[in-house]
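The first chain written gets the first letter, and so on, giving A, B, C and D; residue counts start at 1 in each chain.
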Amino acid sequence: MIVVMKKEATARQIDEVVKHIESWGAQAHIDRGEALTVIGVIGDKTEILRKPWTSFGGVEKALEVSDPFKKASRKFHPSDSVIEIEGVKIGGGHNCVIAGPCSVDTEEYVVAIAKAVKAAGAQALRGGAFKPRTSPYTFQGSGEDGLKILQTAKQETGLPIVTEVMSVDQIDLIYKYADIIQIGARNAQNFNLLKAIGRLNKPAILKNGIATTAKEHLMSAEYIMSEGLKEVILCLRGTRSYETAFRNSLDVALIPYLQEASHLPVIVDSSHSTGLRSYVSAVAYAGMAAGADGLILEVHPDPKEALSDGEQALLPRDFEFLMKKLANLKAWSQKEWRRFDNEGAK
Amino acid sequence: MIVVMKKEATARQIDEVVKHIESWGAQAHIDRGEALTVIGVIGDKTEILRKPWTSFGGVEKALEVSDPFKKASRKFHPSDSVIEIEGVKIGGGHNCVIAGPCSVDTEEYVVAIAKAVKAAGAQALRGGAFKPRTSPYTFQGSGEDGLKILQTAKQETGLPIVTEVMSVDQIDLIYKYADIIQIGARNAQNFNLLKAIGRLNKPAILKNGIATTAKEHLMSAEYIMSEGLKEVILCLRGTRSYETAFRNSLDVALIPYLQEASHLPVIVDSSHSTGLRSYVSAVAYAGMAAGADGLILEVHPDPKEALSDGEQALLPRDFEFLMKKLANLKAWSQKEWRRFDNEGAK
Amino acid sequence: MIVVMKKEATARQIDEVVKHIESWGAQAHIDRGEALTVIGVIGDKTEILRKPWTSFGGVEKALEVSDPFKKASRKFHPSDSVIEIEGVKIGGGHNCVIAGPCSVDTEEYVVAIAKAVKAAGAQALRGGAFKPRTSPYTFQGSGEDGLKILQTAKQETGLPIVTEVMSVDQIDLIYKYADIIQIGARNAQNFNLLKAIGRLNKPAILKNGIATTAKEHLMSAEYIMSEGLKEVILCLRGTRSYETAFRNSLDVALIPYLQEASHLPVIVDSSHSTGLRSYVSAVAYAGMAAGADGLILEVHPDPKEALSDGEQALLPRDFEFLMKKLANLKAWSQKEWRRFDNEGAK
Amino acid sequence: MIVVMKKEATARQIDEVVKHIESWGAQAHIDRGEALTVIGVIGDKTEILRKPWTSFGGVEKALEVSDPFKKASRKFHPSDSVIEIEGVKIGGGHNCVIAGPCSVDTEEYVVAIAKAVKAAGAQALRGGAFKPRTSPYTFQGSGEDGLKILQTAKQETGLPIVTEVMSVDQIDLIYKYADIIQIGARNAQNFNLLKAIGRLNKPAILKNGIATTAKEHLMSAEYIMSEGLKEVILCLRGTRSYETAFRNSLDVALIPYLQEASHLPVIVDSSHSTGLRSYVSAVAYAGMAAGADGLILEVHPDPKEALSDGEQALLPRDFEFLMKKLANLKAWSQKEWRRFDNEGAK
């Protein structure tokens, strides 16, 4: 990082900054220019980035030059992570579509949905047994009964199960039934939960937070990975904005951005980004066109009866329509573009 | 619209609201329910929507039920508008790619870019002679000299010219040279400019504002159209967010949304939404995949020498690469989806 | 709530909506107008608000008329809640200033800060033993050792302790040491944690989430209160915006708004809203001027050595300066204004 | 500014950057560190800040160290600007309250309001003759007739007139009647209008844009000042956010921030920030408590009949109530705090 001193900074103030940098185990490299003095901080100490630099006299600002994430970073892991679960692969050119109801309701519905989405080409089944709802008076999820229904659906179809964990005390239960553990937007910076998931050995899907930046999303992945787990899938579900047409706002530019910053797979949840069935498929399609590694979508045969989020559920026939369209889509490849760019630059 | 009265609203308060509604030339339809009283307001008076409803005693809230735009609305113009300029069509299945430098610099550069983008498949040339810059001390545009350079480029290539007007007093000059007049994000709610453009007879490209919603974008189009002009192209260039990875945030869900709410063509400006050359093409591709009617992109052979916005300019070879990719893209068609949805619903 | 049907809605579609409303245990009151048909839904069923209304044929939109929170609402609890802890009162005209270090570091520092803030007029001591940090590689808190230091500081000064709980599995430990339990911005919608806190019998401070609205803040309070706890203090710490001058953006209009919507006390955390020591006091002062029931501020004698958030810590002398200024402030009283307004309206 | 080179940047790439810097008339100061190479750019060339730095091979990022505004900056004008118009002073310890109707309607109303606000202590009269409305079908202002009514009100009361200009072609007309020319939020980055205002010799009130940052607000002031006008008043009217309780979101931290960054007076428009009469006064009061140099407020005796924005108009008696409260307010003084801070730091 770089510490920029104010024009009027005194030699004593510069010395104090340098002394502190060294006391924290890093090296300070002073460059006294005519117009300003810059102190380069060298040493792999993330802690230093968080020091209260402007509390020091004479400091104008401190600027991060490199990103504070490592295990999630492509710099330290140049090749794509390919995550495999029960024969299904995601990342490194393997696309994966996950579909299912928002909440688990009856066994009949869930099994029917599982069969329908499998027939249409889905490779995993999603379904929530514990639901983060804005109101405490609405349906909070079916709990372990719901997890058992998912298990039945898995037995009937062979689809691995994706389900959400909402707090540290649910981990044992969720671990028993889930093949991939999902962390929702409201828990994207629940750091204790992230660390606890990082100590397990099952892949995790990490949604971005309600208003996180791409770098914060990666830092949350880093929290999980710092505890050991390597298999993290980044999921884009949109962020909050002042636009009222949709539930959230999803910028597809984040897909190639995250894929370049990180080696982790990136999937799109257009059910939650749009919040409206009519636009879920168009955005899913555009996300795959931008090079996403997969999708996670809500499907329900009778949205009027869905226990939550019915407004954004695709009908099974919508999902089938989308999957057929996707079969003929030629996706953008940022890697191909980079190769072309590097060759062209010669 | 609907006016919802408070539970405790008195008969006198309800009467006062009704009396006012009628004095404004509309009809009031009172529904006294057990739990609440609702007053339906019937009559095509946009003015009424803006009345200070909560200034009336006993009013809980007033809710708009229908949208306040008409000429831009698909409800009143069900078929797609197809805009044609010098043989180039946009809208109703006709895609159009507009490309060129951000600012007009030398004739040599501009003519070279025009030839290059035409060879790659562009159908119109963009270039700014007047530039809205955040700082008054940076390059403000080349003025009429720049417009003449664009004219030369048009003579050499036959490409129609898209250029930006920044204020009412520039209209005569811009009108003389432009084939399509562009209104930028910072002027998207400069209502006097919008009305002045609406009195001309040349197509306009209307960018969304820095933080406008989709409905406000359509209301700005309505401003233009209320003066007579029918040929308006909506352009998405992203809106401001807290995400720092990109210059702006662009939600592709807005493409099918605007196309359904309005009959006007919708194009994507991923140069301004991303602000970074590396991601311009991926987002342009995803925008076309989502069904956009076209693109407007910045291209410059030597971005280091560009007079503005060089960081987001594609090289001519990048543009050619993108155009070749687009040739094989099968775009999502929201119309096809609607047809399928309506048939399926039978 | 109100369901607005489309103009073209058929009788069969209206019937289906009505049938569903009744099957959910509520009453439907149909108002067939010339221009539109409105269905009033009567019955105290929050669940109904969340139904997927637009999945029904013929529905234009569904509009909430009343707020979905109850226990937190002033409508059902007209008088101010006054929360008392170890003789300190907050709410209903009793202001309370809570101050202390961001993180608990050494006993020496913490005891010194506690004495200093008490001398200046603080009524409670804040300090974090578990810290939510964006990076897993930065200081994560001192844990139970830190809680013991807070206990010592309490013994020395008599100040009750405010400290943050980060996850359900920390509750027992935090409960043992805290007098008031704080829930941070990143956990503001960690619904399992909220419910678990609601089953305890110690007051809670609930910060708004990173990007929550005022209504969502109140819904999170409702989550706690739905489990039984009545003593909840709402804390405003700003929300995320595109403004880069400060860490967050805090609108003081929320102070009277929350106080009118709810009977719960509202306090201001300008340490986190501004993120910069230079502006913490000005905003704290303005917040109290707007009628806030208290403050929660970070104070540290040597911000350069603070283990976290040193940039926003006040020095003990700054805090003393602020407290002296506050002694002479005449706060705005929205209640006085309402009284005046009601009298004036006669 | 500082250009940070990538670790792997070659000597040739560094040379190319240096060569370009020098060709632009500035000096490059290279600091080749072990971990990274930093190039300091010295020379007062704003243009350089806007160069497409990342288009150069080997550049990691370019960082601005100093602010790009000068005439508006306190660095180059340490003492407060005091603006005087017809004996009324604003800035440098002189507070000024401007009040009046949103739109000018009848002479009777406007004169009555002018008398009422003057009696309560207002020092200037606001009123719009040209109104920026979201819909083209709502009232667009009363034009020159309205300006004449304002003139009459001035003759009756002696209050100087504040009125809004919406476009370059209205300047002559507005100039004839206005004592202070207001530039609204939607024109805050209408750079041609700003420059035209800067060539006049009447004070201007510049509102922040709908989603501008504090620095952009100052850059817009710089646009005006770059043409010669020195008398600019910064007005905070809130920015767009996802909070739905209010029309806009206003962070009072911006008041001391702008006053420190700039020598220009800062006033608060809580009519537009809240959008609701009930909260206008509380926020106005908090803004003055935070040290604002004045207020601009909407007042109307019969908001139900107001031609625009009635929901946010104070009644004359509300305004009087607020003014009496303000008389007893002791405002925060950031200057006093800085003095104390500097003394304390010795």
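Following the convention adopted for this analysis, a residue touches a chain if its C-beta (ideal position, glycine included) is under 8 Å from a C-beta of that chain, and two chains touch if they have at least 3 such contacts.
Note that the structure is a prediction, hence the values are computed from the model and not measured.
Visitor: Please give the intersection of the contact partners of chain A with those of chain B.
Guide: C, D
Visitor: Out of B-D and B-C, which chain pair has the most contact pairs?
Guide: If we tally the C-beta pairs in contact for B-D and B-C, the bigger total goes to B-D.
Visitor: Using mean CA coordinates as chain centres, what's the gap between chain B and chain C in Å?
Guide: Using C-alpha averages as centres, the distance is 39 Å.
Visitor: Can you check how far apart chain B and chain D are, centre to centre, with Cα atoms defining each centre and the answer in Å?
Guide: So the centroids are 27 Å from each other.
Visitor: Spell out, as numbers or ranges, the residues of chain C touching 2 or more other chains.
Guide: 211, 239-242
Visitor: Which part of chain B faces chain C closely enough to touch in the complex?
Guide: 2, 4, 29, 31, 33-36, 38, 40, 42, 57, 60-61, 63, 65, 240-242, 345
Visitor: Which part of chain D faces chain C closely enough to touch in the complex?
Guide: Answer in residue numbers: 211, 213-215, 238-239, 241-246, 249-257, 260, 270, 273-274, 278-279, 281-283, 285-287, 289-291, 315, 317-318, 321, 325, 328-330, 332, 334, 337, 340-341, 344.
Visitor: Hey, which residues of chain C end up touching chain A in the complex?
Guide: 20, 46-47, 49-56, 68-69, 130, 132-139, 166-170, 186-187, 189-193, 195, 209-212, 216, 219, 222-223, 226-227, 239-240, 276-277, 303-304, 306, 308-311, 313
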